[in-house]
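Look at the two complexes coming up: subunit A is in both, with subunit B in one and subunit C in the other.
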Partner chain A sequence: MSSEPFLRLDNIVKRFGDFTALQGISLDINEGEFLTIVGPSGSGKSTLIRLLVGMEEVSEGSIWLRSERIDETPANKRPTCMVFQSLALFPHMTVGQNIEFPLKIRGESESSRRARALELLELLHLPADYYHKRIRQCSGGEQQRVALARALAFDPEILFFDEPLSALDYRLRKALEKELKDLHHRTGKTFVYITHSLEEAMVMSDRIAIMRKGRFEQIAVADEIYARPISRFVAEFMGEVNLFDVEGTASGGLYGHGVEIHANGEAGAADIALPQGERGILMVRPEFVRFLVSGETADFIVRGILREEYALGSRIQYEVEAASGSRLTIEKLREDRFAGAIGSEVVLGWDVENTHLIREA
Partner chain B sequence: MERLDRRLGFFSALPLAMLLAVAFLAPLLVIAVFSVMPQRVFSLFNAPDFSAYRVFFQQGYYGPLAWSLGMALVSTIVLFLISWPLAYGMAKVFGRFTLVLTVAVVMSLFVSENIRLFGWVLTLMKGGLVEGHFRALTGVGFESPLYNVPIIVFGLVYVYFPFMLFPLAQGIAMVPDDARQAAADLGASRWRVLWEIELPLAAPGIVVGCLLSFVLATGALAESKLLGGQSVIVIADEIETAFTYGQNWPLGSALSMVLILIIGALAIVAVTRIDLDTIMGRRR
Partner chain C sequence: MPASRSTKIALYLYGVLAIVILYLPLVSVGFASVSRARYLSFPIKRYSTEWYARALESPTVADLVTTSLKVAIIVTIVSMVIGFFGALAFARYHWRYRGTFQKLILLPIFFPQTVLGLALLMWFNSVGIIPTWKTAVVAHLVWIAPIATLIIAIRAYSFDPALEEAARDMGASTFLILREITLPLLMPGIVAAGLFAFLLSWGNFPLSLFTTGADSTLPEWLYAKMVSGYSPLVPTVGIMSVVGSFCILILAFAMTWLLRKARNNRPKGADNDTGG
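Take a look at the complex of A and B:
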């Protein structure tokens, strides 16, 4: 049974008139997983989640929950639940009535409803006297918790989140991200979370799916996506990155524009190779680039001029203009601060094990 | 600054407030005073004897009052039931077509109520547009639906339709889409969403629409006269008679006062139960 996926999306297509919002989405979600779907606005992630909870109908393809097809089941019959971006709390009800709403619909008795609501208030660190509060009297963070409590009261098989933290200020968002992750551990439920914030995705999720123009670009654990992005889009979406266009040479090595490559034929360089004439993108994250002192060598070397230095708190970011004209970003911990002056010539280098080759068509 | 604003607001509201006081409250006051005068006097300077109110009970004026309230109630219910789907469509579904519909409904108000009702009389009377053509074509006639209670209710529904439709559409527009979707997502059926979410959140519009239609229908006269052919006498009819043929102003005033008190009480109860500010567009 373990081989059977919990939630399976099979080649889902969604069209709105002439516009195709989702062009063949397939994905298996495991039970108890925290999966985050990340993408820029307009990538189709909100459409996808609305399909999954039943607020939109699929144009093609199917959705399976525990080997039962659910894409034609109306939203109110699906064992799934969503926390809205707007939270969608019922303004004419108290906090307690909001939380109890799904239980009331199910016909549970008043006393058991109330007991469950109080339990959930406690789980979400809200005082019990909030039970009688009006929604309007709650702060943004408290409303967030009420929305979560209401969704949990429904006891869904899968809980969907449509960017519910995006309206909150930075500190509260950070705190709630951790709380959500903690809640995921404690409830053991399957969470599917949508955001355009990569940071949010990295903090919380087991797996991340990067979405672009109605397709999944890459689905993997956070580290994998960070270190081995499958495309330029993913690489750039996942934070600061240095990219170089490269081409396979006749000798089996690489030729790069603006980068000296000394790694050919060495150990570990096998996956940094391209067939002759084929193009690729060489990638290195800013924290792996070193400032070389004279005599020191590295697998990849770029010469340039130090142009800017930015303090990012615990880290310092440097911008170097390479001889080829392209700009590189380097990051160092504050304690490893580079002493060179702005405008001075520098030699940058990094090693093959920190380098990733994107084979992009 | 805020104090200046408030003072300016007060002064700019003053002229209209005084106009309202004179034009609206003064006649009301005159009616109120007349209602306690002795029968058939035409001056306010008599010793009050409240005899007109005694006449109200003695001569069974509660009959016409009951007819007025009853038909107003039925027409309000019918109006609510037929306006809800349309108002829902206007607020949430139709999009641009809403404007066409709004213009069409408003245009019906351009023609006087009496003329429109006469139109219905010509349409529905024996030998009229419907029955006449039907008989000419089939040779079989049928009774006219005119001069009966249901046709009066129909007339009320027809005439006061815009007064229910627009407030209702306004009320429904205030129901957030995501609240409906969230309720459905949490397991509520279409009917439960209507009952638990849409009706309570559209309540200001519902109350305003029902109150307007009910109040107008209670005081309506033309429908029972023209369509009903006075098959039942409504309270407005009695008031008119008392003031004109009866030449009994205190009786007419007393009947008016009873009606005003009933409607006033109803309006106060209804309005205090909802948040009028939300539908009037004031931000909290």
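Take a look at the complex of A and C:
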């Protein structure tokens, strides 16, 4: 990765009539990076990607590629390419003709076009005789690969993906996620991927940008976003989570509603502190919560009743109703299965190093 | 649901009856054209193809065919062009009053053609245009171009706009997108629209009657001769006209088939023709 920004988005605003879809987006993308933009539908991620490839115009702000301004360059003159959600394969052309399309537009000779198409078929693990196949003769996964091959034939500076895996079934999607990550390594290209699926983002990306209501909420590596979300929205968007409202006390500790806090003043607790009267959210992921046996202690303790048990394959999920009325989620590996009966009283605990404080009221 | 025996019989009966009612009149015209007698009566006493020979020799019939063909061909080509761009305007672009425009432009299809013909004739007269086969072309277009637009629009609505966006994204100019993507994908619709346009113009009577002036098309002549001066030449020309339509139909099917075959057997790498 170079230290200079490869693609720079500078304070981009996009309005559709009275509606502001993007409200000041700034982001630097490094060369060779795999960046995923994640957000719920309506968060503006599709609008953003359409702006970047040139299918929409920015209302304000600018886009820079290698210190060259490109936001007024029309889509067909930009060195970027997108893999569409619908794939947008040309149904009246063969697989070969689809892959060669960008080369044909560029005026390359037939023989060099064909050589490149065959190379790309091989790169994407498609047999060479697919060259003559029609698009509708290909399966969903094969069509996916053809769309990728076509985009790579264009040889873009940046490859954009607009949720191309969303229409596939679970197993195929999982396999292609890994293939895509592998392809990213092999080609060394810059990939910008949008999805509403957190799992997809976590598996593939170097960095994840969480989008909400036309803004970036947090941009960081996957682990950071998972362990130290910046807001309640990010915490909840990134999978199951237990949250407690807390407030700073006069003694420099925390007071929490529905949670006993024993960590005040201990080592590692410095990060888990708030000025007096300030509010925050205490967060712990389900896999860090333990069922305490009598005599055992922890930095944070919640008492409640075991309500449900769900089998998630390799893991078991438990739902506990706390005395305060809130519900907690706990996850254990199957081998660490908790033996308590549904309806029994349980004590839950976790430690300060697995706890994160969100400084947001 | 498997049909019971009585249902099956009823279905066959229905089928046969429908076909008889549809085709029997045409068959009787066919008989009339090969009868030597002046008026059709059964059983036919003497068969003859004499009237076909006369029709082929007749300069009047040649004139009629030429006029009808001229009108139909021009109407077909213009309808296809108007229909193509009209359909794109409907399906691709969002603009104010689009919905209203769509409805207004399709409305002439539902006007009684005699009224439409009368209206056009009155309008031609008031602006001082003398009706000839050329005014008939205009009249046919008023009625047929909306139909062609409708047929192509159905095809245009069913194709993913992302295809055009993808082509642009990969560097194609507006002209190249039209040539490589839009036109080939709409081609089946355009061919169907052209076929309809030709057949509707070729067989049209009410609009032609009002707007051809001194010129005459085949359907007009058939009617005029029916009213006065009937001879077996009338059913003969009628049958020839039907056969003509039928040939066009077969030609269109053959063309589609050949195009598809050519596309599937295209030599490796040769793709300047993106076919339809």
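Quick note on the criterion: the second predicted complex is superposed on the first by the 357 of 361 C-alpha atoms of A that agree within 3 Å, B and C clash if a C-alpha of one lies under 4 Å from a C-alpha of the other, contacts with A are read in each partner's own complex, and residues count from 1 in each chain.
Keep in mind that, in the parts below, contacts are C-beta pairs under 8 Å (C-beta built on N, C-alpha and C of every residue); 3 or more make two chains touch, one makes a residue touch a chain.
Because the structure is a prediction, the values reported are computed rather than measured.
S.K.: After the subunit A overlay, clash or fit between subunit B and subunit C?
M.R.: Verdict on subunit A: clash between subunit B and subunit C.
S.K.: For A:81, decide between first (touching subunit B), second (touching subunit C), both and neither.
M.R.: both
S.K.: First (subunit B), second (subunit C), both or neither: which does A:105 touch?
M.R.: both
S.K.: Between subunit B (first) and subunit C (second), which does A:150 come into contact with in this model arrangement: first, second, both, or neither?
M.R.: Touch partners of A:150: subunit B and subunit C.
S.K.: Quick one: classify A:55 as touching subunit B (first), subunit C (second), both or neither.
M.R.: In the superposed model, A:55 contacts both subunit B and subunit C.
S.K.: Scan A:175 for contacts with subunit B and subunit C and give back first, second, both or neither.
M.R.: neither
S.K.: Is A:113 touching the first partner subunit B, the second partner subunit C, both, or neither of them?
M.R.: A:113 sits against subunit C, while subunit B stays out of touch.
S.K.: Determine, under the contact definition given at the top, whether A:90 touches first (subunit B), second (subunit C), both, or neither.
M.R.: In the superposition, A:90 touches subunit B and subunit C alike.
S.K.: Jot down the residues of subunit A that show up as touching in both complexes, subunit B in one and subunit C in the other.
M.R.: 53-55, 74-77, 80-82, 84, 86, 88, 90-92, 101-102, 104-106, 150, 154
S.K.: In their shared complex, at which residues does subunit B touch subunit A?
M.R.: For this pair, the touching residues of subunit B are 176, 178-179, 181-189, 192, 196-197, 200-201, 284.
S.K.: Applying the document's contact rule, which stretches of subunit A touch subunit B when the two form their complex?
M.R.: Residues 53-55, 74-77, 80-82, 84, 86, 88-92, 101-102, 104-106, 136, 150-151, 154.
S.K.: Hey, which residues of subunit C end up touching subunit A in the complex?
M.R.: 160, 162-163, 165-173, 176, 180-181, 184-185, 263, 268-271, 274-275
S.K.: Give every residue of subunit A touching subunit C within the complex, in rising order.
M.R.: 53-55, 74-77, 80-82, 84-86, 88, 90-93, 97, 100-102, 104-106, 110-111, 113-114, 132, 150, 154
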